[in-house]
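Pasting the structures here.
The two complexes that follow have chain A in common; it is paired with chain B in the first and with chain C in the second.
Up next is the complex of A and B:
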């Protein structure tokens, strides 16, 4: 009895096991056909371990109004200017580098148990289970270290170029290196041209790396380790040939690359497609003149055909790279289009970098306006995704935007380019910090020039300051746009932006802003006028503050606001309807600076000063009025005499002709009858009229008194 | 406390030389615990600054203030109890030493999965650039030591006075 039951149970178990096995197998196979009961489960989709995380991340967009998440979320630690953004990100990375230097140097502290008693052998200890390689100390290689082939493999796989060279030298001195590893090392050396790359770990350093545009010059190290390894190789394998030729071609050692290729072909060594691609990209170095170069390129392509090697999209890119480097002109452009058409017949689509070279070829700075961008965008917008395949792919968007802004001056195309960049995760194609800022410079300037104002304002609001901080030239463009639109409110805010972005010391920009403020001041609301006045007053104060700070050093000459800019400040600040307003102090300050010749040049609109003088007299500020007209008279403006007469008229409340008769009286009689300020004005009148003061002795004293006791 | 222990020892040795009695009477701290530990003594001049965290004695935890370490290891069947406690102490000392004279608050350590978040209030006595250097340095070094991602969540205040809750 018992045994039977047991067997039955076992049977049930076995059956269950088979069921699960079969279903497991069924999962592996795509289940396409319908089952008997009409239910067909969907085909299993294999997913990687991070797919769910990526799907979750895709639901959250980037908030352009928040600072980048690499910056700490605290008002004190959020950067505002370009300089600070760079400094903060790189400081954090420097700290991280310091920490990993300590980890590598003091590796025993990180890999052994701390609480082992002294003098005893230390027990290896890892906090994580299973151990995580990323947190473990990296080995340090020096001339004494004992190395094996595993070390060489490790350094090659992690692209530690200098370490790899050291380990190779140690190894070849002792036991020698096997051929596979030699080839791997040769590949590493050729790819980087024996220059240590910035490790992928240091994101910020790569992002902010100095934007040196790689020159098209021979940088290949002749007689370097790569050359030595290659010449010592015996027999030379096809891989070795391919590697060295590609390395030489990549670093523009064109003649030797082609000679080696020739040698390989004579020996009957097969070359790969990528070798031909590399040769194609430097074919122009062999010949002079467009026609010869085109012929050489064609010859190389037909040689590929003879060898039976099929081209790929990189072949197209290399051809276009060569062609775009040969200058412009109709012949090259038609040739490039021919090549693109021919590759399309072979069903090879141009990649982003190919399009980049096309844009370079067609859209020259001083060339005729050719619109290839529309076609390119039509093609790119139709694609599902833009996968980066070439290092030059990151140049596409910045060039496209540059073409939109400078060559075609078309806001619609710029919008399309921007939309394409923002689609999915195309933003990774923006390149690095330098390219990103140039991209936005082009976008903002094309929007300022050609977009309707509301749209521009919206764009500026989203981009500035967290994504992009405008450079001085772009700031000028923005000020111009705001001035045209008459947005006094935003213009007043521009001043605080200038201060925050560290541009407030640029006098040209400040002067431009003051001009813009003056031009659109009259038709603003009272509230906005108030803001503009305070901004103008602040500019004056900021100038003084900078001067005070800089005085002890005085190594760099401080730029001062010009007389016209000061006049603008005076005009803005004098527009008040109250005697007790603080703005009068600012006016007085600006006038004092004008008179003490702290400003460069002469005011372009002296009539502003004369009207301010009249106004000051009306509001019971005779001291200010006197300073203003004296300044006019001292500078020898024509307006000085009429200004004197009118101001005096207002001050004494008499008609003009009476004032003029009064002014003809001798100084002694005036002195007794007039207020000291009025006396100063009378003196200014004589100065303006005759070119010399009435009585040369008293003028300077009296005006210094009067400016105080108004 | 030390003197009381010595007195005890003397008394005990006077009464009897048996070590069993000594060991059973050696626990002097529990009696003091409720009265003294986690509390601050009032000074004569009443000028000792206390933060909010210090001003609330331990029995207000979970009523007026919260824990300084957040983890699940001290729950029933929690993992890595001694390690967690030791690591927390290490993190506190590391932070206080690295951000020397800048930390104005208790250091709060929050653990989620293998992620450690360290929160503190920092004085703005050094430039932001230096702060970023220290941030990167402490995050990376602690991550390498503890073998898990560490994130610093700092807030800055102008001076220590900003975190003072009262003077006693």
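Up next is the complex of A and C:
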């Protein structure tokens, strides 16, 4: 039959030459990157299922104007202060936690599907396809639940420590637990010291967890479940010994750890490298004094050597951890360097945590300035990638930046550290929210002090407020830098930043800002001057608003702006060329506050007030001028008399001598001839000269008159 | 003094600079000492005093964006429009003639439509560069559509679906479509005829494509196997000649073949009669008779075939008339 041959040929052709629009079929021919005959497709470049996504994600950089993606991108919902950042993120996570709690409590709703009548049939319900474990309800264990070894295995594998303990207790009461599971449980208990860890699921909680630096104190639970399980084990396997010794050493139960290690060695039980590492890291608790401690460390190392156990990079880290905990001093520093050199000969590179301990050892506060950081950076910059291996690795960058800013005070090194942190995905080494904030505190303060202004400004623009919100001390540093550079517009913006960062109630900062504004006010452009004036006016109003809000429940006394600060506001706001300008109201308000003694202290520059009084008189604001000079007189400043005379001169448009003679006239004649405001000034003059008003009864009366007139 | 205080009641909007906006009003009852009475007739002016609290809301972040920023970082993925993140003075919405369309803030029209702010040309370029390393070189000889058609005649079309849902399955993904040009199949006249009868309306005359779609099996792989099987089976079947196919009569023909029909005999007989060489021919001889010796016979054949195959239309009839006139040596029709 003819058909056979033809179809064979055709079939082969069809099978070989399928061209597909979808990606997978038709790429099975094993050829090189190029197609061999120019027609058949080259072999597929192997990639994992997420490689393309990662490549695309790598094209997206940082947008300094955007908040972190965990927040809503909406002006009303973007957190602007540290408090809000924390509150918003944790609230969102609290919602997730509540949802997962309901999922666990009402698990039947999420595992079965109930069909509509007639049958009311129930079938298993799958929330995802393929199934996702994280979506499944967690089992809840209580004293009545029937548990099996599988439950114990599940709880151990998911690090559900308290559940694991409960299941273990239930199991050991009924049928007992096999040795493998016991060992696994022991490992879990020793690793976490019987304390429930924060689940990896709750990212925000881990990120914002109060990062108090862990104390080097004995926290190991003596006689806890771990100890009980271990002592009940028979025979005690090497794994059990290793586990318990490491757990004790990790939580600084040094003596028992070493005693157990000794016991194990006498029994001829082999110990692992990590056990020795753990022992090395707490060797200092056994001995007192540097030399004895060094000897103990060396003895332990040589013991390792005798046992034929090869050290790894964790060994180096543990040694340095111990050494750095013993204080400073030349001897320890040279010893540490010796150890590092020796490990380098063994081709073991120090990790980030090792470098962290070195920095701790060398760069002490108030110690001599030693630059080990440059060498460390040279080494780290040469590496391909920084892989986190130790929990302490996250301390490196914050410490390095701290050294740059406080110990070495070197902006170039700080730049290098920052560049290293920003490289690839090294940013995960920043640790948590607390560390990140301290890191940026150091970076910003070193930049403010030592970097050129343009660079600092650029840095501030990228960091603030979405990545970092400055603390009050750093804010002061920033204000100082801006003042030195004379950046008036930025200083005016600082006020609104203070408000949104929740720092506006800190009087010291506001006063500092006002000083800075006054110092660089004179040489700014008209537009910027306008901005500065409105900022100053706003400060005054903000103070008032805070006061009014707090009045009903004034538990904490509100700090008030000092008299000097108010003077600064007066000076800034009085610099207008128009009678109708709203700034005059602010000046009046500030003066009123000064007079009613709402401000602390006395103004340091009374001459400002006298010049403002004159200016107010010139622009036809006699009430203001009167208040100003009266305040001066009441406070007993020397400038009061001359200010009175000059202001009155301006107001009445007469030369000084004439005013002098006028003022000598008795009050009754003045009252009829003078404008009420002028009369007040005359009274102020007398007050300043004699220390008492002309007529004490008339004084208060005329006071109220002036106010009404204004 | 009292005057100064009066002008600074809470809720005053600050003049020049936008520092924050007012956003919420909180009602507060001042006289909490009194026992509250239900005031049905509203005798007292008991309107609750409103105190405006302001929350510190920063200005739109679009205002802070530098002009030389990298837009891909600001808008990295598909997202519905958000006015505070887009620094463009966009307007959208239908308004009566002469009015201005509403601006970008609180504009539902802008949020409804899908936007492509995440796929600006520079971003596309950058993304292409990023995934270039996963691409292999295009085979050199496949440099034209013709070459592709020649070497890869069979085309398989499937679709993949991506959802924002926990399941990655989509039932539509199982559908497989196979396309092949009929010209690429090795078929003779009979086989082609039979093949076309087998595929039926899956053949498109305009593009010469046979399209086979399978969605009867639950998995794509099964459907793929099935379309391959369909093509193979149809091809096989087209080449087999069954015994009963020989019984096909003139009436069973699906189209008019002039060579088999009376029309040709009439023409040949007429020609012989006219030229004076009358002879008797068998059926076979009639069929194989070479008509090129007869002037205008070819045109006549075409015209008759068309008349039967395409049906009667003004065009075919006119053509038929014209060729008959030519054949018989009559003058052209004049109207």
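By our rule, the second predicted complex is superposed on the first by the 651 of 710 C-alpha atoms of A that agree within 3 Å, B and C clash if a C-alpha of one lies under 4 Å from a C-alpha of the other, contacts with A are read in each partner's own complex, and residues count from 1 in each chain.
Throughout what follows, a contact is a pair of C-beta atoms (placed from the backbone, for glycine too) under 8 Å apart; a residue touches a chain by one contact, two chains touch by 3 or more.
Note that the structure is predicted; figures quoted are calculated from it, not measured.
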| request: Check the residue A:76 against both partner chains and state whether it touches chain B (first), chain C (second), both, or neither. | output: both
Of chain B and chain C, the partner touching more residues of chain A is C
Does the superposition put A:135 against chain B (first), chain C (second), both, or neither? both
- Message: Touch test for A:65: chain B only (first), chain C only (second), both, or neither?
- Response: second
- request: May I ask you to decide whether A:92 touches chain B, chain C, both, or neither, giving the answer as first, second, both or neither?
  value: first
Task: Considering only the touch criterion stated at the top, classify A:654 as touching first (chain B), second (chain C), both, or neither.
output: neither
Looking at the overlay, what does A:103 touch: chain B (first), chain C (second), both, or neither? first
First (chain B), second (chain C), both or neither touched by A:530: second
Chain A positions within both the chain B interface and the chain C interface are 74-76, 127-128, 132, 135
Counting only contacts in the complex, chain C reaches chain A at residues 1-5, 7-8, 10, 12, 14-17, 19-20, 23, 53, 55-62, 64-65, 69-70, 72-74, 76, 82, 84-85, 123, 126-127, 129-131, 133-137, 139-142, 147-148, 151-160, 166-169, 185-186, 224, 228, 231-232, 235-236, 239-240
Listed in rising order, the residues of chain A that touch chain C in the complex are 2-3, 6-7, 10-11, 14, 17-22, 25-26, 33-35, 37-45, 47, 51-52, 55-56, 58-63, 65-66, 73-76, 78, 80, 127-130, 132, 135, 465, 492, 495-496, 499-500, 502, 530-531, 534-535, 537-538, 541, 544-545, 548-549, 582, 585, 588-589, 592, 595-596, 707-708, 710
Contacts from chain A onto chain B in the complex sit at residues 72, 74-77, 79, 84, 87-89, 91-100, 102-103, 110, 126-128, 131-132, 135, 137
Listed in rising order, the residues of chain B that touch chain A in the complex are 124, 128-141, 143-148, 152, 154-156
